[in-house]
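Two complexes are shown next, each including subunit A; its partner changes from subunit B in the first to subunit C in the second.
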Partner chain A sequence: MIDEEMVDYRTVPTVCPYCGAGCGMLLEVCSGEVIGVLPMKGHPSSKGSLCAKGWSSPEFLKSSNRLAKAILREEGEEKEVSLESALGLVVENLNRVLEKYGPEAVGFISSARCTNEENYLLEKFARTFAKTNNIDHCARL
Partner chain B sequence: MTNSIGEISRASLLLVVGSNTTENHTVISGKIIEAVRNGAELIIIDPRKIQLSQISSMHLRNKPGTDVALLCAMMKLIIDEKLHDENFIGERTEGFEELKASLGNCTSAWASEVSGIPVSEIEKAARLFAGAENASIIYCLGATEHVSGTDIVRTLANLSMLTGNVGKPSSGVNPLRGQNNVQGACDMGALPNSLPGYVNVSDDEGRKEFEDLWGIKIPESPGLTVPEMIEQALAGRMHFMFIMGENTVLSEPNSQKVIEALKNIEFLVVEDIMKTDTTDLADIAIPAACWAEKEGTFTSTERRVQHVGKAVEPPGDAKSDLEILVRLAGIAGAEGFDFKNSREVFSEITKVVPAYAGINYERIGTKGIQWPCSSPEHEGTVFLHEKKFTRGKGRFQPVKYRPPAEVPDNEFPYVLMTGRNAFQYHTGTMTRNSPSLEREAMYPYVEINPSDAQKESVKGGDMVTISTRRGQIRLRARVTDAVCEGQIFIPFHYREAPANILTSEELDPEVKIPELKVCAAKIKRGQSRGVRSCNNTFLNSF
Partner chain C sequence: MSVKEEAKNLLGKGMDGVLFYQMKDGSAIPHLFTSKDIDEMPDVREIPDSERYPLSDILSKLLMRFSSAKFGIVARGCDERAIIELEKHQQIDTSRVSLIGFACSPELAKICSCSKPYTESLADEMNEAQEISRGIESVERMSTPARLGFWLSNFSVCVKCMGCRNICPLCFCKECSLQDEDLVESGVLPPSIPTFHLLRAIDMAGRCVMCGLCEEACPAGIPLRTLYGKVSEIVREELGYVPGTRGVKSPLEELGSSVGSDDDLKS
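On to the complex of A and B.
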């Protein structure tokens, strides 16, 4: 047994983020960082197996290409803005387009990479707030 | 999937159509190998040689886009030789006579002509399939990314019902979902024609239920699919777009057109975990948490609703898409988005999607629950259609073979297919930022058959230019008999040689899936002028 007093270590049960097989895995977390992956032996379908992608899945977490700030692009110039002001601009522009062109002129692309809850929310937002059924995702790819 | 992943190893026959299972669904491929070890017959229908070909009983390497012809001829032979399951057809199905009549001209000789597979092979496959105790069909995008994508799915369902292979263990029709939550995104109604739980938006009664629950009117005409939104944007009729977690520039066919379309949108919002070629085009790019940094549920290809645990905090200002959407709705003053966490959203989902009604986070645990699960007492469903089909009787839907939209000619003599490899994934947003995966498959390449390579004076490792009517890319040749003569294959992961510059946006007329598996291309050795040759110039080059 690992003595919790001695080591800041835990495992978090989750699902592989890659294909649709949905293999069970445990993320190994040490001092607030994911340091590794363990396959979930008791998982009903993957039964302790993972592929190369699953085994390597925490690697991209720390990538220098992560988007960590909201970016506003104006006249070809990029600048970092706060999340709050970014979301404010999104709403402002959505409202402006809805008023000027109507709900046919707005579109939402959801994601097969996101959770059920997130897909549900975006779909609900498109239909109830923007009043459009222009909502789709990459199921065809 | 009608059935479950765990059942695969106990099937007596597996028909794998258009799925490079070992590279793309590795763990599922393990179950297929287990089945073969247990004595199962394995029939593969795929133009490319795949790892499973080494252990298959038969590998039918048909011409791309001819699966429907092949399968229709198999069904005709099964009926002609009375190998079909009369009891199942009588009790569980309708429309058999129409199916039989529709197959009148689908002789093995005709299918052989169309597909390039010898008559004897077609007949042997048909007899093997019909004779199997438990025949399970596994298919993937190689089957469906065609203008006849819907037809092929109907044909597979017809074949399965014809032989009584639905509604029992280790059988059925089993699509392998390519992404962790395609199943869930569809279940949740992230589709232009359906509300959560596959309620058609044009169905007045179904829509009314949602209008009552959400307390607001919902538009009744179906919306636009992604390819249609891109068309509208190009025509200057799409003025605001919100993309959550998709690298549309690299994933959609005909990239140059996609870039033009996205640039044409007045205000483009892109939410992603990484900087991508699509966030580079956004007026606002919003940083999102990735799967390890948030809580929620994914639904796997076997309909298993599973819990995603939060392990660490997201970087910088990044937040989960859930938190972003709740805050966005708050600023907009939208009603019905007062959620504190994913658990509360899930609880609303269980009220609107009957297949999820009996599921909650406690029951999901670490093993998940397979929908449909109608009540807290219901244990979930391992395989579908046991006693009856959703509509009652299973209906045979006759289909007519249609050739691919763009076939080779003198100018573009090769058939180009696109797909994935084992170490990269989709547009590489995650894998190309994972050093141990990137190291294994760092460079873009095109697979060329040895005899074509000789014809084009190309050696393995040579730089070649591949062009189609839509554009050209430059990459290295990999000379291999994994592709047949007259065919080439390019993985679409690489932004420095994006395969989707080349692909055709011809769509299946019903579900609008693009024909990414067939277009006409030519090969030219060496670098041609005006073709980009290094990283990071992708967007600048248009």
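On to the complex of A and C.
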């Protein structure tokens, strides 16, 4: 018998992060590290299947290309900034473009992985605050 | 004795963990039980028939990751057959594995078209299982053009999710022929017809233990049990080999291993 603390394998039920279908998947976790994914057999809608994206999702989980923090690109140079200052910059520039060029110059992109309510809020924000119909979502591939 | 008691015995004898299912919100999910949570191990009858996972593949991964650990596994007939076949391919070191066997429900055996829905340890107690149709006969009754049409239309709905390969306990190659650009063009749907499916069918010949997880995982509903059942039938009839049985290796593997050594290839 080896050190008990070391030997650990469990599966964690979760929802596929890729699209709005929200298929059920199990993350295979070995001593705290995700080593694979399995389709969740008992899931009411995906019924034990996944698509190519769901099956390959563990590949991007540990990708060094993932943005984990807000990055600001200024004159070609990228630097890490706080989320507060990044959002402040978005507000500042959104107001500036709206004032100078009008509602047709801005657009909003929501996500299929947001909740229905979050998508509703962004749609309301686009149409009532920015007064534009330029709103779309990531699932329009 | 319940499987939980048998599993407790194994842990008491120095096993590091016992692989089976944990019940979570009414679903069975794979879990490695240790002495800390062994009391939560469910009875085999609590596992829904529709919730099977490739436990033998998980076991193989655990043995590789924890190279000195010993594991128990609560296994169905198909899990055991996969373990036997994986050992022949040097993917599982069974000297570090103890198996607790159980039989599937008659309903599941029927759904799976399984001719041996129990482990070898239970063979004496079980009735001789019926050889059940895997849909091969009905496909073979079709005329040749109709049969070709049947398979081509089934292959044409493939979304190339790779679920059949990913969930297969016997698919362990590090390099996969399905991802070879010369054989299967990437970025095209459906994947090369019929190359993609026939490549996998050929790889399953002499390997497939008829667990049926591929067909269950297929979002396109392709009758993979029938396809691999047919290649298995050919291997059984022509070469007398049934994957998942103890003893000799698949004759197809023997052919590969007897041709020269690595040194011959290098020179």
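Note that the second predicted complex is superposed on the first by the 83 of 141 C-alpha atoms of A that agree within 3 Å, B and C clash if a C-alpha of one lies under 4 Å from a C-alpha of the other, contacts with A are read in each partner's own complex, and residues count from 1 in each chain.
In this section, a contact is a pair of C-beta atoms (placed from the backbone, for glycine too) under 8 Å apart; a residue touches a chain by one contact, two chains touch by 3 or more.
Quick caveat: nothing in here was measured; it's all calculated off a predicted structure.
When the two complexes are overlaid on their common chain A, residue A:Met40 makes contact with subunit B and with subunit C alike.
In the superposed pair of complexes, A:Cys30 makes contact with subunit C only, with no contact to subunit B.
When the shared chain is aligned, subunit B comes close enough to touch A:Asn116, but subunit C does not. In the superposition on chain A, contact of A:Ala52 is made with both subunit B and subunit C. By the touch criterion defined above, A:Cys138 reaches subunit B but does not reach subunit C.
Once chain A of one complex is fitted onto chain A of the other, the partner contacts of A:Val7 are limited to subunit C, with no touch recorded for subunit B. By the touch criterion stated above, A:Val90 is placed in contact with subunit B alone, subunit C being left untouched.
Within subunit A, the residues touched by subunit B in the first complex and by subunit C in the second are 13, 40, 42-43, 49-52, 54, 56.
Contacts from subunit A toward subunit B in the complex involve residues 12-24, 27, 29, 32-34, 40, 42-46, 49-54, 56-61, 63, 65-74, 81-84, 86-91, 93-95, 97-98, 100-101, 103-125, 127-129, 131-141.
Listed in rising order, the residues of subunit C touching subunit A in the complex are 14-17, 19, 22, 24-32, 34-36, 48, 50-54, 58, 61-62, 65-66, 68-70, 159-163, 166-167, 216-219. Contact residues on subunit A toward subunit C in their complex (touch as defined above): 1-2, 4, 6-11, 13, 26, 28, 30, 35-36, 38-43, 48-52, 54-56.
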